[in-house]
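Read through the structures below before going on.
The following pair of complexes shares a single chain, chain A, combined with chain B in the former and chain C in the latter.
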Partner chain A sequence: MRRLLSTQWAPLLAATILAGIVLGFVTRQFGTAFNIYTILQTAAIYAAIGLAQMVVLAVADMSLAVGGIAGLVTITVGGLYDAQHCSVAAAVAAGLGLGLACGLVNGLIIVGMNLSGFIVTLATGTAFTGIAYGITSAIPYSTIPPALVSLGQGRVSFFSFLLLPAIALTIAVGAGFRWLPIGRSLLAVGGNREAALLSGISRARAIVVAHAASGLLAGITAVMYIGVLRSATPATGSDWLIISFAVPIIGGTALVGGEAPAMGCFVAALVLAAINDVLIVLNVNTEAVQMAEGLLIFAAVISGKLGQRIHGPSLMWRKPAARGRVRAS
Partner chain B sequence: MSENVPADVPEAVPSRFAINDVWKSFGGVAALSGASLRLLPGEIHALIGENGAGKSTLINIATGVHRPDRGRVLMEGREVHFVTPGAAAAHGVAVVHQERNLVRKFSLAENLLLGRQPLTGGVVSYRRMADEARPWLERVGLDLDPLTEASCLSPGQAQLLEIAKALSQRCRVLLLDEPTSSITDTEFDHLRGILTELRDAGTSIVFVSHKLEEVYALCSRITVLRDGRNVLDGAPLSGVSQPEIVRAMVGRPIELRAGGSSRKRRAGAPRLELCGVSTEFGHRGVDLTVRSGEIIGLYGLVGAGRTELARCIMGLGRITGGELRVNGQPARIRNPYDALRHHRIGYVSEDRKDEGLIISHSISRNVGITVWDKVKHRMGWISEKRARLHVEPPLQRLNVKMHRLSQPVGSLSGGNQQKVSAAKWIAAEAELLIFDEPTVGIDVAAKDAMHRLIVELAEDGTGLLLISSDLREVVQLADRILVMGDFRVLADLANSGEYAPTSELVMRAITQATSQIQAPAAGASRADQSGLAEPAGP
Partner chain C sequence: MPIAGGRFGRLDVVFGGQTSAFGLVLLIGLTWTAFTLAGSGFLSSFNLFSIGQLAARDAVLGMAQAMLVVAARMNLAVGGIGAVCTSLLGFLLVSVAAPLWLAVPLVCAGGVLAALLMGWVELTTGLSSFVVTLAFLSVYAGGALLVTGGRQFQITSQALTVLGSGTLLSPALCPLVAVAIACGMVCWLLYFRSSLGWKMLAVGANERAARVSGINVPWVVLAAYGLSGLLCAIAAIMNASYELNVNAGFGADWLLPSFIAAVLGGVALTGGEVSVAGILLAALFYDSLQSGLTIINVPSYWIELPQGLVLLVAVLLDQLRRRRARSRHRAPAVGAQAAAEPEAAVSP
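Here is the complex of A and B:
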């Protein structure tokens, strides 16, 4: 329990729940089961998007192609089901396979040509979006598998069914980073490239795995989102870029790599979704919602601990007292 | 150049590990041209050379980071090809690098077992990891929970962790690349015990160090590199004197400079005065005066609060009491920019890699940073040509070995990097310079150049505050020696320039102060703890 409370996202979660309770009393609209369901539905999508970025941040790289891959997967699933009359399972499997492949391509280009993930995914992400629009001539597929619709729209009272895959992904990613050798390798490469290299851990492999996992997660997110939207549009993913960074950063992921708090991601997604909803319920316009998200990222960054992680230890002078304390223990 | 069969190695004892006549160049620049290193079982072998002589390249070849262009690597007489660091480790070659190679967010245990974490059913087992790591940590005297995060370690402790890691790989050949550059004397004694034990168990150890006293204390044979070749190839240390080693390294004899008194002294007006200063770090009642043309040595044990004091002078820490005067005028320095621009105070950081230099930028840019304000046009852009006028003279004066000004600083050797970091402040025409451990981790020749520079600067009228843990260096250079301990000035001594009596005075000041503090009456502030914990060691 003490470990739970000392995590970075604990105060954030507590504040959000508290604010939610207060708001529930203030506005009758906020506390309704349907409204909470809406928040959780959005949060599930945000969490999945955040995880897709987080796995890449863990190796101290980044991906601007999360949205592009999602767009491509969306129209693949929609197109195979609607136009090619494939089964749902086949369409989804093909979509996820494509997501994985896109991520793999990103990773291989980065490693093969020794470029930064930023440059490569800026290029491929844009290209993926272009392909998605090109194939569909920008027209969405509107016949959506009922199974995906019931996943995206289904609920029991406030509990959105989308939470199930979101929670499963969070646990899977979190456990993977904590207990799987490959997860530890990714974090080692992100934490200290040289140290990992000298211990015989391949950076190339870590980068490729991280991007492939990111592609797969982007694909899963796209499949989750098709039901929410009831349409498979190539526009899916076009506005995910900011969210993909906001969620892991607010959740406590270091931009310099070496950390991957999956649970923090999930909580940050909840918080962002809730803020989004509150501002809409309070009739604040959408621009203000974006501004609030921006401020929240900022707040997360400057809140002591996290700020230190992003700047690294050298910029922040370590006070001698800190050393003394450790030695004393 | 070395022959195939070295005369020094008795043929009856075959080499455990040998690098024979190895050549390696990087982009046309030769790093090694026929270098050899032959290790016998159960010896500690010194590998010495100036920065840039090829030691690092040789170590990288031994550990599979680089592959030689020509030449052979032999393990127990059989040729081996290390294609990755992993392959070298599999053959029992382990290395402790000069740079701290730790994943800060991982536990001590996981750092120790990085890349080979124990698995239970394909899943990392933290309990087994801690169990496996514990004996190795104890072996090097790291008495901490194996699951502590590595970011909590002091530099010395981090070094011990890396040695524990090398030991845990059950190596037959252990390469130590300047393992003592950042550890305390007690930690060194401890390390010496471990290394001797390993040697007696049959491990071949390579000890790279610039501290010749340590080399004599530990090693039996010595290999010296200069310009990528062997000057000495496994010569028994008993037959080589210290001046001979130095001559072998640099190719010319270096006279050890007489004490500070030999310099023509012109101590002028006070540049910087601290009167009863206390700081947020816990300093109290610090009095210090640096006059122009004077070198003040600030000596103390690690954790005494010297670097922290320098930071407060530069405006990187808050001064909470007392008065700071620059050129006789009370001054409040808010940040390093303020210090340089308005008070002409510069600080050559101890941590040149993180704080002193921008490694990926060119030499001219690094040095030019401090003069940009001076050379900028009215519209605000910076003229490279005008900057060059300020940048070139200090670099020439320090004799920085470089190909061109546009070369990135990261491609220079450690000693040359340190020179560039000093050149920056000379270009800025600072009137008071604080040198923080200017010669840690640089070779004898670079050290000599640095010392000459400090003396020259003083002769030109710059006031110098020299923070150093090398008492010889302080006695050699300083006019007065301030002994610091536990965030206070313990003694202010005039320096006679003679090592024996002065060092005794300094040590007496420290030991007396320590015994006073250890009395229970001392208020246990945070600063006290950190000051005391260091000399005690692990």
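Here is the complex of A and C:
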């Protein structure tokens, strides 16, 4: 229990639940089962998007292609089911395979050419989106497998069925990083590249695996989202960039480099979904949501910086070690 | 480091970077020839005019991006600052009915301040520019929409209309091209004839070395942020000068062209290297390609794919060129190359 309370996301979750209870009394709309279901539905999607980014952040890289891959997977699943009349299982399997392949392509280009993930995924992400728009002529598929609709829209009171895959993914990713050898090597590479190299862990392999996993997770997210939208549109993922970074950063990823708090991601997704909902219920302009996300990233990162010592250079922090050393000389 | 000043060895010319200017001229020539033969009206003055209009804005965006990329940082918030500046311009010209001579400096000041704030946050928190500018992108873009409430501003300023839609010398040339070239010249003077520019290049090539050699790194970084914001503001004004009916949604699609112009133009992503002529030519190539694809009747929904592919190919070719240059110069150390080396040498 003490370990649970000392995690970075525990105060965040407590504050959100508290604020939720208060809001439940203040505004009638907030506490209804349907509203909580909406929050949980959004949170499930956010969590999955965040996990797709988190696995790449864990190796101190990043992917701007999460949305692009999701768009491509969405229209693949929709197209195979609607236009090619494949079975749901075949369409979903093909979509997930494609997501994995897209991630693999990203990883291989990054490693093969020794480039930064940023610029490669900016380019490939745009290309993936471009392909999705091109082959559909920007027209969404509207015949959606009933199974996916009941997954996306189904609920028991406030419990959205989408939480099931989201929780499963969170546990799977968390367990993978904790117990699987490949997960540990990903964290080792992210935490200290030189040390990982000296202990014989391949950085190239870690980066390729991380991007492939990210592609697969983006694909799964896309499949989850099809039911929510009731439409397979190539526009899926076009506005996921900021949320994909906001969720893992607020959840505490990469602040210490080489850490992948899957549970933190899930909690951050809950918080962001709740804020999103509150701003809408309170009739604040929806643009405020976007602003709030940006400010929350700062709040999370800065509070994280105050709360803990930084161990070394990581993606988020500009070479603090080097800075300190120079100042001392 | 000088424009097109590298070694003109065999294939180097087509591979961007130091010799990017010459390769890009070749590439533009090829594109223009191909589209002139394949479609009708590519070389019409109307089409050339609109290419110039768009390329001028994209070139300035490329320079805005390059300002920070040169200093080994990046500016994901070009579009966010663009949204703020566009809204500010619309508000000043339409709601306040301020004269143009007052509105333009105020908008530029707004852009500089918005960028300086990001720089200040980066320096005080020690966060990477990626996280800072990403967060500010959503703050600025969301904030601009929130404050204006998505309102449309119909700009009627005569001078601005002439700038965006008038003609210069020939009916095929938009006055905005002159603005872009002027910005380019100022940037060239900055990087190759001023100490501030050299300091920016030094900070980008090796921040630690720059610090220990007595460069006031925080001030140089702040200057880079401020100039990037200024160029974003200029791009916003240029954009408004031909769109005229503007809103806070402007800038949402600026990130990609800004990186394409900078990277294709030969600005090293690791910092410390710039080619101003390359940026101008890269923007011209990019918008020629976009326009040409429309001329040969490629449907609009296929337009996004080439954007991604152009960036991907540019990055890959640039990396290939660097690799070859590195292997060729491994034995005898070459002074000009040495600045760009340390960053690359770290990776195993």
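Note that in this section the second predicted complex is superposed on the first by the 300 of 329 C-alpha atoms of A that agree within 3 Å, B and C clash if a C-alpha of one lies under 4 Å from a C-alpha of the other, contacts with A are read in each partner's own complex, and residues count from 1 in each chain.
By our rule, contacts are C-beta pairs under 8 Å (C-beta built on N, C-alpha and C of every residue); 3 or more make two chains touch, one makes a residue touch a chain.
Remember, it's a predicted structure, so these values are computed and weren't measured experimentally.
**Q** Applying the touch criterion given at the start, work out whether A:69 contacts chain B, chain C, both or neither, answering first, second, both or neither.
**A** A:69 contacts neither chain B nor chain C.
**Q** Look at A:289 in the shared chain and tell me whether it touches chain B only, chain C only, both, or neither; answer first, second, both or neither.
**A** second
**Q** Look at A:258 in the shared chain and tell me whether it touches chain B only, chain C only, both, or neither; answer first, second, both or neither.
**A** After superposition on chain A, A:258 lies in contact with chain B alone.
**Q** If we overlay the two complexes on their shared chain A, which of chain B and chain C does A:59 touch? Say first, second, both or neither.
**A** Neither chain B nor chain C is touched by A:59.
**Q** Quick check on the superposed pair: does A:197 touch chain B, chain C, both, or neither? Answer first, second, both or neither.
**A** A:197 contacts both chain B and chain C.
**Q** For A:178, select first, second, both or neither according to whether it touches chain B, chain C, the two together, or no partner.
**A** A:178 contacts chain B only, not chain C.
**Q** With both structures superposed, pick whichever of chain B and chain C touches the larger number of chain A residues.
**A** Counting contacted residues of chain A, the larger count belongs to C.
**Q** Per the definitions at the top, what is the overlap between the chain A residues touching chain B and those touching chain C?
**A** Residues common to the chain A contacts of chain C and of chain B are 197, 317, 319-320, 323, 326, 329, listed in rising order.
**Q** Contact residues on chain A for chain C in the complex?
**A** Against chain C, chain A makes touches at 62, 109, 113-116, 118-120, 122-131, 133-134, 136-138, 193, 197, 203, 242, 245-246, 249, 285, 287-295, 297-298, 301-302, 305, 315-320, 322-323, 326, 329.
**Q** Which positions of chain A touch chain B when the two form their complex?
**A** Result: residues 178-181, 184-185, 187-188, 191-192, 194-201, 258-259, 313-314, 317, 319-321, 323-329 of chain A touch chain B.
**Q** Please output the residues of chain B touching chain A within their complex, sorted ascending.
**A** Per the stated touch rule, the residues are 63, 65, 84-86, 89, 95, 97, 99, 101-106, 110-111, 114-117, 119, 122-124, 144, 151-154, 281-282, 303, 305, 308, 311, 316-317, 351, 354-355, 526-527, 529-531, 533-534.
**Q** Considering the complex alone, what residue numbers of chain C touch chain A?
**A** Those in contact with chain A are residues 74, 121-122, 125-131, 134-139, 141-143, 145-146, 149-150, 207-208, 211-212, 255-256, 259, 263, 269, 299-309, 311-312, 315-316, 319-320, 347-348.
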